[in-house]
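Two complexes are shown next, each including chain A; its partner changes from chain B in the first to chain C in the second.
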Partner chain A sequence: MAKKTKSTSDKPNRSTKDRKTLGSIRDLADTVVQSAGRGREPYVDIPSRSLSNVRFNQSKRIIEMGSGTNRRELFNLAQARSYMQTLLVASGCKQLIDQGKTTSIRGLFYLLKHTIEGTSEETFDTQNECDPVIEDIEVSLDSMREELHLYAKNAGAMVGPITLVDSGDTIDCSRMGSGGYSIPSIVEQDIVQFKKNTAKFILHVEKDTVWRRFNEDKFWRKHNCILTHGGGQPPRGVRRMLHRLHHELKLPVYCLLDNDPWGYYIYSVIKQGSINLAYESRRMAIPDARFLGLRSLDYGRCQLSPSVQIKLNEQDIKRARQIAQYTWFVNKKPWQKEIELMLKNGFKLEVEALISKDISYVTEQYVPARLKEGEFLD
Partner chain B sequence: MAKKTKSTSDKPNRSTKDRKTLGSIRDLADTVVQSAGRGREPYVDIPSRSLSNVRFNQSKRIIEMGSGTNRRELFNLAQARSYMQTLLVASGCKQLIDQGKTTSIRGLFYLLKHTIEGTSEETFDTQNECDPVIEDIEVSLDSMREELHLYAKNAGAMVGPITLVDSGDTIDCSRMGSGGYSIPSIVEQDIVQFKKNTAKFILHVEKDTVWRRFNEDKFWRKHNCILTHGGGQPPRGVRRMLHRLHHELKLPVYCLLDNDPWGYYIYSVIKQGSINLAYESRRMAIPDARFLGLRSLDYGRCQLSPSVQIKLNEQDIKRARQIAQYTWFVNKKPWQKEIELMLKNGFKLEVEALISKDISYVTEQYVPARLKEGEFLD
Partner chain C sequence: MEEHTNMPNVNETGEQPKRRAVTAESMAAKQRDISVSEFFAKNRHLLGFDNPRKALLTAVKEAVDNSLDACEEAGIVPETWVHIEAAGPNRYKIGVQDNGPGIVKKQIPLIFGKLLYGSKFHRLRMSRGQQGIGISAAGMYGMLTTGKPVKIVSMTSPKKPAHYFEIQIDTRRNMPEIINGKGDGEDIPAGEKGQKYITDHDIEWVSHYPISDQQPHHHHVVRSGTRVTIELEGRYQRGRGSVDEYLEQTAIANPQVTIHYVDPDSGETTYSRSTTQLPPEPVEIKPHPYGIELGQLVTMLKDTSAPSMAQFLTTSFSRVSSGVAQKICETAKIGTRGNPKKIGRQEADSLYKAIQETKISAPGTDCISPIGESLILKGLHHQLPGEFFCAATRPPAVYRGNPFLIEVGLAYGGTSSTQKVTLDALTDLLSESDARSLKQFLLTTFDGVGAIGADKILSQAKMGTRQSPSKLKKEEIDQLFAAMRNVNLSENQSMQVLRYANRVPLQFQPAACAITQSVIGTNWRAYGLAQSRGQLPVGPVTVMVHVASVWVPFTSESKEAIASYPEIMKELRLGLQAVGRKLAIYLNRRKRVRQEGERREIFLRYLGEVAHAVATIKDFGDRPRKDLYGRLVYVAKRKTAAAETQLKDDGKQRENAAEEFGENVLIVNPEETPGETASSEPTA
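Up next, the complex of A and B:
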């Protein structure tokens, strides 16, 4: 493996954010050097990402990590490998920042994978061994994956009366063709800057196929909003984009998701953050997001045909009960009623089910009615 | 199920393509009416999409359908259901075209799913029952899915010195930010028109993560090309876009795919078409596409580390042998050698493996070297 790290002087215009991240990586390395210098056993303390170290912050209304950590020691046979991997990932990210380049987690894996000299041992056997270490580094350095110059798969699109600058290109999101503006996986301020916005709110829909119906019907023009989708569970880039639009431009976020446990869960992640990425909640969660639909009562309210019912399976029922017990749902009566009614119905509903009324029922009737009456689940 | 078909007079500016498709749907319906009028049993003949009805056209170098058909009769207990579904899908597509709207295959399923009056029978039980009927209609009417106003999931992006018009919006693909222009699933002439192009060729890469490396390194600017990806196996929209760019703008297409059976197969589909969509080959296949890499010999040629090898599993080996036997590969010595060498190597290589040399090795060394020597697999 040839590491061709350019000297830092090649990148005089490094951003403040990059300088901060490099500083954190250096601090991590320094603790190791200091331990060694003092003849002590080197270690790193990694904040614990287990369920027991996650709590719901009632006042901020987001999922947060607790203060529990796990120590990883070099001179401990059970920990030496993960210790080595931790420092290796940190050095890989340093290399990326030094070079001013980004890569995928797959790319980082290949960048770092090699046979350890004088052994037949690989630094990483599989991607699965590398990914959790990347998350360890994120949380240890208090740096988002994006700040480590790593990106996830691109997914999600947006359209609406907003102009932004992405990597120096001015993007008018109202003139991006039928596919819309593809939301990149890194949308931090140094990549994406908002320029001009006249939208009044954001409608976030679950799937691209639903998004497309709204775009084709020019819903965003009629209702003066930004229309986004995340291709199912929205990836980090989409969540971060929603977060920035919501906080920097003060735009309310309404979510249109399937009436099923998966839809509830997506809403929960957008609103409070996820257990696994609890350390990123404060930069991604949108506690004021609102659930517009589909609701369990929509089957009756919209007089849908029995043909559109999808029977709940055992997994759905189990998952729905689990979600109802989440701290952030358990004290909310309307949500308890919502989930109970779905279980009582015995079926779930996809947003596409509204097509059985009319192909544009969802854009011309359903969502406008919900917005007008202003009754959302919180 | 309330079908609100607007009268056709609502859409005076219907495109030539839509008029043609409507004509085909009417012809289909007319044969039924005529049979009934003559007191004969109504039927429809559906071109057979089985492997036995597919052949490789040596002179056109694409996979084509033969002339075999299957008859579907109304008064045949085994066929009545699929007969009904066939006409139902045709009428659903007519409704979409009449309304000037498009939907997903999921949307069409919901549009058409209902309990048949006076019975407890559903028109379709599941999406799986609807999808093949959609393909039946495509091939019967000789209309692409897009012409039936149906779209697949969006996937794929492009960037480069080309300006096009998409749904009335002018899109400069060199100024679309870090995510590029999101290739829509419908790219027919009435939606997408090419305006100005200075690119000399197309580099198509398999995955968005690889595409992103090329985009970040501004490869397309340095080499004056259009850069596309299809998110793995390219969806119809991407294949159709490549086809149009290749044929209308005379741009050569070079493919950079993984060195594994899946990469070979993707190439084969781009070049000759697929068995399942054989009826669309002539509008999608690009017989002059070239395979740039990764090659099995790249492991040695690029002096890659053993760490990047991914051992072939049984499935890979079986698939590789199958692909080697395809009519369109079997007589090509270089391809036989290519596949043999992969089997002999005993491992596959992802494009990302080149990162182990240097993060930009693929954009600065590998692809420029292949383009310079001009040696591609055909």
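Up next, the complex of A and C:
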């Protein structure tokens, strides 16, 4: 642990951001000291990250977090453990900031995981127990993950006619081979800067496999676009990257996702923000993003064989109905029709289904046709 | 001779005159009175002398019951001596002495040497013995099996000579035969001379006893009392249904009694009294008309000295006023002035019916003396380990014209009987046991050991269930002993039910008894105990049930089980429910205390981590960190204050207890040594 005697004077160059974050962490610790001093029971109010506490901002067209909070109490049997974990995470982040280092969320999990003295109980059993607590700390302290000196593993890749600087290294995204540029989890201005761009739009596909098809066929070169994927539900790094590309370089975003409730929700997250991370929407949501495909009507339109159908299961149907009821979907007639049609079909379609027509059908015919028609779901 | 197997009435054919020579006259020659004693001699099982083991117990029991009745009637705090001595193979000499009023010389031979002679049969008054068969039957059994006479010493005052008799019973005439002193008994002079006489003639008599264990040289002198010594064929065995069990249970229901017990191995046990308060003296009552049977009514009509029917009814029965008598006579269409002796059979019949039809108020209930809730608590607490005791005395009720009353006591917690036994006692028990297998031994010797419990013990001891108990090696006994200590039976130990009728423990035929039936019939699950259908509940619980009545309805003459009259069943149910409710409150509270304790433990577990995390954030040194930790602990303790109920001082706890449970509850802090705890039931 840090030698605290010199810690303050040692870091004259500690950023304003760090100072602000440290202040919030100290405030959190102060509530414990003060409550205990007065013989009260310490607690922390954590903004609620649930559907009931998000609001769809009609004018900004993004999901915003409401003011609802959940109280987490130390002297509550159900919450004592997570209260202890909350403070542990806070102390872990404090140590990271003190030492000027960053670590992955998995790293933090290992940093904080130990056996509680006098028991056989671990502070954290799995990383799954630690991750939500980190998000709790983020919302409670109103600090971004990077401000806590944390990052997630890289997920998602991009290629395209754009050059950027990442941590001082210049990267030409048109020369990234078959793997592409791996999008880091933190892509803020101080780490990634855009240099030169000739792309006209962004095509975001759901999965790595589909992305590989487009990259191999050099779709981005032919159509002059940036090609990204988020490995399923895009992580924050990818979403932040899309957001910056869209807003700073004014590039429209088109999404090619599976025709299933999961795909719909990925689109919804990119467009309006997620329920879980509603507090991040304002720097991540892209309200102007468009849904290119797959559409429910593609089964007939592309004359796909019946063998590519995947039957909707009960959970899919339930989820589809739920999505249809989200405020940001409920007033959109085309979307209601889209979801209705899928339910009527009784099956879902993956983008890979188009391969049954021809290996490059998706890159050579399907997407170009949609782009040409200019027909997207909003 | 021909065989007439197909003809049932062989003698009608007159073909077998030689074999069927019995005539009415010859039969009449053989027909004669059967003396009660003779009848008993052939039917000893009816009075509880069915086997040697039970015979020993029954004899002790009858003697002790008589002693206690005598002391109580005379208003003397009972001091009782029970000495059992081995007198040869399968032969024991039992001596039971009390400090009661003694018996006048003339009565001694009759009381101990004549069956069905007694003061208790003819009156309706609550007492232990009822028929007057008991002690003389024990004496007769002894005489029949060993040929030895019954020896009686009785002293009515320290200044008067005591009497010494050796008696045999003439079974044919049902009359006592005095053997010593030329058929007249011996007189033991009072004072010092008497002491010498006793020693010289080898008479057994306890003349003085220590005041307390602390002062062995200060003595009480026995001023009066009776001692009966009987030698009989028997078998001494500890465990269930034993003399030891009987004495222990007697001590529970009779907290005013001190029993000095010497067992055949010369082991001395003293069950000391926990109170000197005698139970209120029961009042003798006249029978209630509803409780009378037709035959009895006819006898009463014949024997009465009343000149008129009206007077007969008002003087022979309780609760019959002249108005009621008139009504009865009207209904029966009998004149109120008629001579009761001249009532015919048919008139008696209609009189009997008229009584049933007439509304007569319930009998007075002051004739019953309950043990009382506070004494039940004392008795239970004094003799049984446990952490929670409660008691309920029901108001008196009536069955078939007989007043009765139900009392229920309950003890919860404490160690089970398998854990109480010492290694030496276990070795003795094993060698005495006639059980064929170890499992059977465990089941029959210890209370509350179910089949599951026995299996658990044996599997821990790594012994076969079928091993013979008497052939165990020393190491095996050690192993078994350790297993009995370690296995916690309380989870699957079934409830122990102590049954009493007029303060006398009932040790046999539990299944036939109304008490056991209503304990099983009570839904104990509602009170926090596990119970399967048709079974006794499970848990470290002892329930004592006392049925007190001027006439306890037993299912048989051996007085082992109480008959299930609906009125009695109802009162039993209500009594059991009363203690059940209190137990439920206690168990709930205990659960709450335990839960709070668990909660506190969880909080405390995380406080160190929280304090550490805060210290890291705030760059605290050791001192402020410890200070913060201390403050958090303080908050945690306050938050889970209920966990401390147990830790609070006695006084405060009792206040709470009274508030929560109502009266007649005793809670013992399990950490204190039992017995040292002041009996602390809230005063009623």
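Simple rule for what comes next: the second predicted complex is superposed on the first by the 297 of 378 C-alpha atoms of A that agree within 3 Å, B and C clash if a C-alpha of one lies under 4 Å from a C-alpha of the other, contacts with A are read in each partner's own complex, and residues count from 1 in each chain.
Rule of thumb we're sticking to: a residue touches a chain if its C-beta (ideal position, glycine included) is under 8 Å from a C-beta of that chain, and two chains touch if they have at least 3 such contacts.
All figures in this text were calculated on a predicted structure; none of them were measured in a lab.
Q: Once the structures are superposed on A, label A:88 by its partner contacts, choosing first (chain B), second (chain C), both or neither.
A: In the superposed model, A:88 contacts chain C only, not chain B.
Q: Contact-wise, after the overlay, does A:171 reach chain B, chain C, both or neither (first, second, both, neither)?
A: In the superposition, A:171 touches chain B alone.
Q: With both complexes overlaid on chain A, does A:327 touch chain B (first), chain C (second), both or neither?
A: Touch partners of A:327: none, neither chain B nor chain C.
Q: If you stack the two complexes on chain A, which partner ends up touching A:198: first (chain B), second (chain C), both, or neither?
A: In the superposition, A:198 contacts neither chain B nor chain C.
Q: Any idea whether chain B or chain C touches more of chain A?
A: B
Q: For A:356, is the partner it touches chain B (first), chain C (second), both, or none of the two (neither)?
A: Touch status of A:356: first partner only.
Q: Touching A:209, do we find chain B (first), chain C (second), both, or neither?
A: Once the two structures are laid over each other on A, A:209 reaches chain B alone.
Q: Identify the residues of chain A that lie in both the chain B contact region and the chain C contact region.
A: Residues 1, 4, 95, 123 of chain A touch both chain B and chain C.
Q: Over in the complex, which chain C residues touch chain A? Could you list them?
A: Touch list, chain C to chain A: 599, 602-603, 605-610, 612-614, 616-619, 628, 631-632, 634-636, 638-639.
Q: Flag every residue of chain B that touches chain A in the complex, lowest number first.
A: Within the complex, chain B touches chain A at residues 1-4, 95-96, 99, 101-104, 106-107, 109-111, 113-115, 122-123, 151, 153-154, 157, 166-167, 169-171, 175-184, 186, 191-192, 208-209, 212-213, 216, 305-308, 350, 352-360.
Q: Mind pulling up the chain A residues that touch chain C in the complex?
A: Going by the criterion above, the answer is residues 1, 4, 7, 25-26, 28-30, 32-33, 35-37, 39-42, 74-75, 77, 80-81, 83-84, 87-88, 90-91, 94-95, 116-119, 121, 123.
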